[in-house]
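Two complexes are shown next, each including chain A; its partner changes from chain B in the first to chain C in the second.
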Partner chain A sequence: MQRLQSTFVCYAIILPSMALLLSFVYLPVVWAFSKSLSAFEVGGRDTFVGLDNYVEYLSQDPTTFPSLLNMFLLTLFAVCVRLTFPLIVAKLIYVLPAERWRYLYRVVFLVPIVVPGVAVQLIWARMIYADAGLLNEALRALALQSWTHGWLSDPGTALVAVMMVGFPFVGGFEVLVYYAGLSAIPDSVEEAAEMEGCSGLSKFLRIDIPLVMSQLKLILMLTVIGGFQGFEGLFIMTRGGPGFATTVPGLWMYFNAFSFQRMGYACAIGVLLFVMIFALTVINIRYFRSAEEVKGEAA
Partner chain B sequence: MPVRHLFRYGTLLAITGLGLYLLAPPKQAPSAADRPASRSGEAAQEPRFTIKIAPGQSYMPGIVPSGIGEPLRGLTTVIDRFEARFPDTHIEVLNVPAVREYLVTQLSSGSAPDIVNANVEDVWVDVHKDWYVPLDSFLQAPNPFVLERNDPHVPGARQWWDMFRYQAISRGKAAPNGKSYCLSLDMVETGIFYNKTLFAELGLQPPPDWEAFLVLLQDLRDAGKIPLLMSIGAFNDWCHDLVFDQLYHDLLPGIDLKQDASREGYLQGYLDPEEIAFLYREKDFFTRKDPRYRELWQHLRRLRDFTNSDLNSTDLTREFVNQQGAMLWSGSWLTYRLSADKGLGFDWGVFYLPPFTRKTSAYASLTPTPMCVIGGVASQFEVTNSAVADTDPGLPFAERIRNSQRLQRVIAFLQFLSLPENAETVINEYSCLIPNIVGVEPLPPLAPFVEILERRYTTTKWAYTFDLRFNDVMTRMLQMYLTDGVDLDEFLDWQERNLRAATTNFVSRKQLDLDGLEAAWQQRAAVRATMVDLPPTR
Partner chain C sequence: MSRGMSRARLRVVHAVLITTAALTLLPFVFMVNNVFRDNTEFYHSFFAFPDSFKGVVTVLGQYAGGDETRVIVRDSDGSQRDVNRSEALGHYVDRIGTGPQRAWDVLRQYMINTFIVSGLSALGVCLLGSATAYTLARYRFFGSRSVFLLFLATMMFPGVLTLVPSFLLVKKLGLLNTYWSMILPYVAAGQVFAIFVFRSFFAGLSEELFESARIDGAGHWGLYWHIVLPLSRPVFSVVIIMNILGTWNNFLWPFIVNTDGGHHVISSGLFTLANSAYASNLSTMFAAYAISSIPLLLLFVYATKTFIRGMTAGSLKA
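Here is the complex of A and B:
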């Protein structure tokens, strides 16, 4: 009886959270699935159209292919830089001899996290890439006037310019995650490696990377999900332009929902994005080994 | 209690206090919303009507225009007068995001301000949802505040409409369903702001025609300046409409198929959306088969060679003010910024785009047709469904409009605001907008724009003719074309598909029957017989 009472209390405690979770997370998802089968606009009529929205997006919408390509390119680039640069920096911090310096560098790389992403995008768009921004003014100062560009408005440079936002790509969060992974490598493994003559780059590639695989996997998943879902930076900097040179499906979904009032069509794009992210997450979990699995195999 | 505990708890308290302080709402400058409902010794009373208005940045009390001068308070003054007249009413001024997303969410939940300032084209797409109150019945009735003056000859004594100076533009803002949802006290017009000092140094003059304009642009570029500062929006909206008018002006007698007696007097051959839909879908106008349409974009591309490299630039004024750019295509709102800047360091003037000649295009009028008006209403007040919140939501919207006392008071405020003495207080607080109220004279710096506004109204407004998707795709692909991302044929391919989608959507939403226009088309066959290079008939 006492156990039942205790269980009941536990369920009662989590009930409000579950109710909120259902109301604000799961219900909208179900709603989006159902609305993706409708021609629907806010405040307007709701007409069932079956799979028309999906068919239109996948076979008729001229933005589909370029925006998917942009999304894959941006995500691929983000994966590459977020799996390498922060890891290298984390390793460099980790090998510093004094804890005091390690602490200082960790703080130095972590502090920029407090700057909101929107502010970062605006700084890049208006201070660095602008007509009279840092980049063009530097080129003018170097008498390279002909190299100046409307970096974000030129179709030839817009996507690359968007990719380069955040250079040198050493995010504090990733550095900290990798640093934690490196710190968790047992001393015995380090010593064994040293004894076997494995050091420097060889140790980094053969010992460190396999043993921070959990962290790499985490960052990979977060980057892929962020790359597929995120569009705020593009909205702020280019609104997907020029043309559709920097449009991604998420951004097109937003425009359809709130600007063009094609809520059903936007829901269909959202559902397709969900399916893609879900599939990639499953693949990631299924085929990428974690550090624990690596350790298990080694044992 | 040990000292360390005191320190710990003290720190926690201090952090909590700091957090609460930071979370507290900021103190705002006194505004209309903050004033007490009672005045001069009257007993405080709960207002019967609290009307919310989001007037936009041009009128917003407390805003310092361009960061120069004193904060605005004209609207506050008028609200004070209104509340003195109607003590049971409290007007609350709101500063809301000027984005469509805000409006859509607020209107769908019935919690929008009673009066909003929104582009009426954004309103048109939602009128069938009963989100906005049609104003025609009020505009066609006398303004009661004018009637009180007992002078039947004063504008407004017969119809409220009569109080508005620019009838063509004001009435032209009627939605495609024929109803007016927008009330504007002021106008805005575009023009080319130019650096007079620089022009004098280089021996240059405002050009008389388009050919001379292109020569001027080249001279300025040779002088090391950015000849013309303009954004992609100016290309897509203003420039597009002006060049279209130059190339199609002479065709209007043969292609303006819908003659609406109530509008033709002031819209003079305006191509309505259904006319464009018909011409495109049935007669191959505005396609690659239409040589004028093809040429239109080539003129824009040629002009682009003389403009700023970044068409997305959001601060072209800076380039003009620091004299990197010699000319800036902007609107009357810029006059205050330039007039008030004591450290500008150069004289400036305004001219309007010059006309095409036969040298520019074989399709230009033999006698050059002056460039038309593309500007229009500035502040655009719409009354939302919140204004009828005192009625039963289950009733038909028209009945709610008839029954609502709250709506009567909202309209009364707008009628009061449009009285010349009140409109003057608000509009002429600084030189930005041109008064649209008879009896309110524009401020002297706006004189060039007043002259421009006297011209003939544009043939059509392409950017706002169809849905917002059409405009978005057109803007994007035009930018691609102007920046050599696609060639003309690829751009036209996009534009044709865009027009196909937009006209299909338009025809189905409005349930139009374009066949009716075929008869009008046939009737004008003789007129078109003298015209050259029309798209080949199918």
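Here is the complex of A and C:
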């Protein structure tokens, strides 16, 4: 590596990058914390209110408990399905003998990526769950009229309906990640396992799953972070309703900022979500890394 | 290896995979089918092919068989007419084109906006990202490590933390309802990952290559232009695709910063469309979903391998 004569030139080159980073990433981060301490409406004036916004959200807001519960349930469900369904599909693709088929299946599961997410959510809300939609029409065709339902408009089914969006939960991205993990398992390990008489399901559970642990961990973290901060799908499909049946804290933050003009309060909710995500990330790094080191020593 | 499977087992694996793939693609099959069906067809027979397709096949059959019977066609208002076969053919072809035509009239502007925003963002990310990554990878200067950490640290901040303050910033800068309200934040955030990808690639280039070029009298700029750029084409395409995927699907930000609706991109435009008078005509909406999928579909078909690498470049480093 070369030592450049002029530090000045280097800084001149990275200046545009730095300027954008500081103004459009770091400044909003700083503002998120500072505005969360004020009562602040667009066009109005900042009034410093200390921790009032946090106190209000944690003790008086009627949405806090139900929306946190919804967020946990949605995230838990997403974690369960994204750690299993795509992994099983990836394994089934991986065991196929012909590379042609393996490639074809991977591409097929990837194709839905080209449809904009908004379109997918609108299709689920207005074609699959609609009154005259796929689900209800299929039930009618099976003579199960009594089961037909306003899936997203009934508070009893709305949350489950939202969870089931994307069924059968085999995302092309997850399949690719797991497939890459399975491909990285050395042949010698597989051969040794077969020689020991370990095959089929027990091989999948005892050999494959521990060896794709880093991929599982990656998808776990992406899903948890996405589950805690994501709310676009809910905004598009239900707007958090009926009532607060599908409201999550992120969505409530959005409504406070852009419907009720309570910017400071919205920032406080954003900061709380950040704290939760940050804590989980730290736990993940600490706990899982130590687990991996232990595994490394045992090997 | 477990690949030596019995035929019966292989068949079971294929059956499970095909079923899962079919279920995954099912909503999109219905989406495409409904592009060519009007509201009456949608509400009265959900599981059916478009009447217009069936009509075209019937009339073509008449032509083939020399049958000149007049055909009864149904207009969109529900009234029925009795027409000759060439009028009937025209009627059915019109009906096939109705949804896509209406959708395209609205989507065209959204599509142009998306190309401008995604294109300029990708360009900005490539220019700034590669220049910064090159400097960080090939030169050691006072503070270079801290600068890198400053970029790395942004990974900590989730979008939900900065959404509201970013809006306040863009508003304060007077950028609401401009392309810049999208391009500048996209480049600022998108460059971070590009810098990681570029940096690891640039750091891996052999020093001898640079040595020999320097002996030939190449300056810093010459090195970058004549040595680095030609070698990095594949990395650039990965970064470009990674970036386009990120900006193309972003719905919330364009929706928020386009308060007057003049600069909507595909995602925010589709949502606006779905909550407007257009949405009462279902085939227009389905056509809009289908048309808005075409650009990425073309990109996917044209560059499958690069597309896959662009999608996973972010994750495989973690």
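As a working rule, the second predicted complex is superposed on the first by the 278 of 299 C-alpha atoms of A that agree within 3 Å, B and C clash if a C-alpha of one lies under 4 Å from a C-alpha of the other, contacts with A are read in each partner's own complex, and residues count from 1 in each chain.
Throughout what follows, a residue touches a chain if its C-beta (ideal position, glycine included) is under 8 Å from a C-beta of that chain, and two chains touch if they have at least 3 such contacts.
Owing to the predicted nature of the structure, the values given are computational and were not obtained by experimental measurement.
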First, second, both or neither for A:Ala132, with chain B first and chain C second: both
Chain B versus chain C as contact partner of A:Cys267, first or second or both or neither: second
Partner chain(s) touched by A:Phe244 [first = chain B, second = chain C, both, neither]: first
Partner chain(s) touched by A:Leu176 [first = chain B, second = chain C, both, neither]: second
First (chain B), second (chain C), both or neither touched by A:Phe258: both
Touching partner for A:Ile285 - first (chain B), second (chain C), both, neither: neither
Partner with the higher number of touched chain A residues, chain C or chain B: C
Chain B/chain C common contact set on chain A: 42, 126, 132, 258
Touching residues (chain side chain C, partner chain A) in the complex: 1-5, 10, 13-14, 16-17, 20-21, 23-28, 30-31, 34, 42-43, 46-47, 128-129, 131-132, 134-136, 138-144, 147, 150-151, 154, 156-169, 171, 184-185, 187-189, 191-192, 195, 207, 210, 220, 245, 248-249, 251-252, 256, 266-268, 270-271, 274, 285-286, 288-289, 292-293, 296-297, 299-300, 304, 308, 311-312, 315-316, 318
Footprint of chain C on chain A - complex, ascending: 1-4, 7, 9-11, 13-14, 16-18, 20-21, 23-29, 31-32, 35, 42, 89, 92-93, 95-97, 101, 105, 107-120, 122-124, 126-128, 132-134, 137, 141, 167-168, 170, 173, 176-177, 180, 187, 190-191, 194, 199, 203, 218, 221-222, 225, 228-229, 232, 235-236, 250, 253-254, 257-258, 263, 266-267, 270-271, 273-274, 277-278, 281
Interface residues, chain A side, partner chain B - complex: 42-44, 62, 126, 130-132, 148-156, 238, 240-245, 255-256, 258-262
Sites on chain B touched by chain A in the complex: 100-101, 104-105, 107-108, 125-126, 128-129, 131, 232, 308-315, 318-319, 324, 467-469, 472, 475-477, 479-480, 483-486, 494, 497
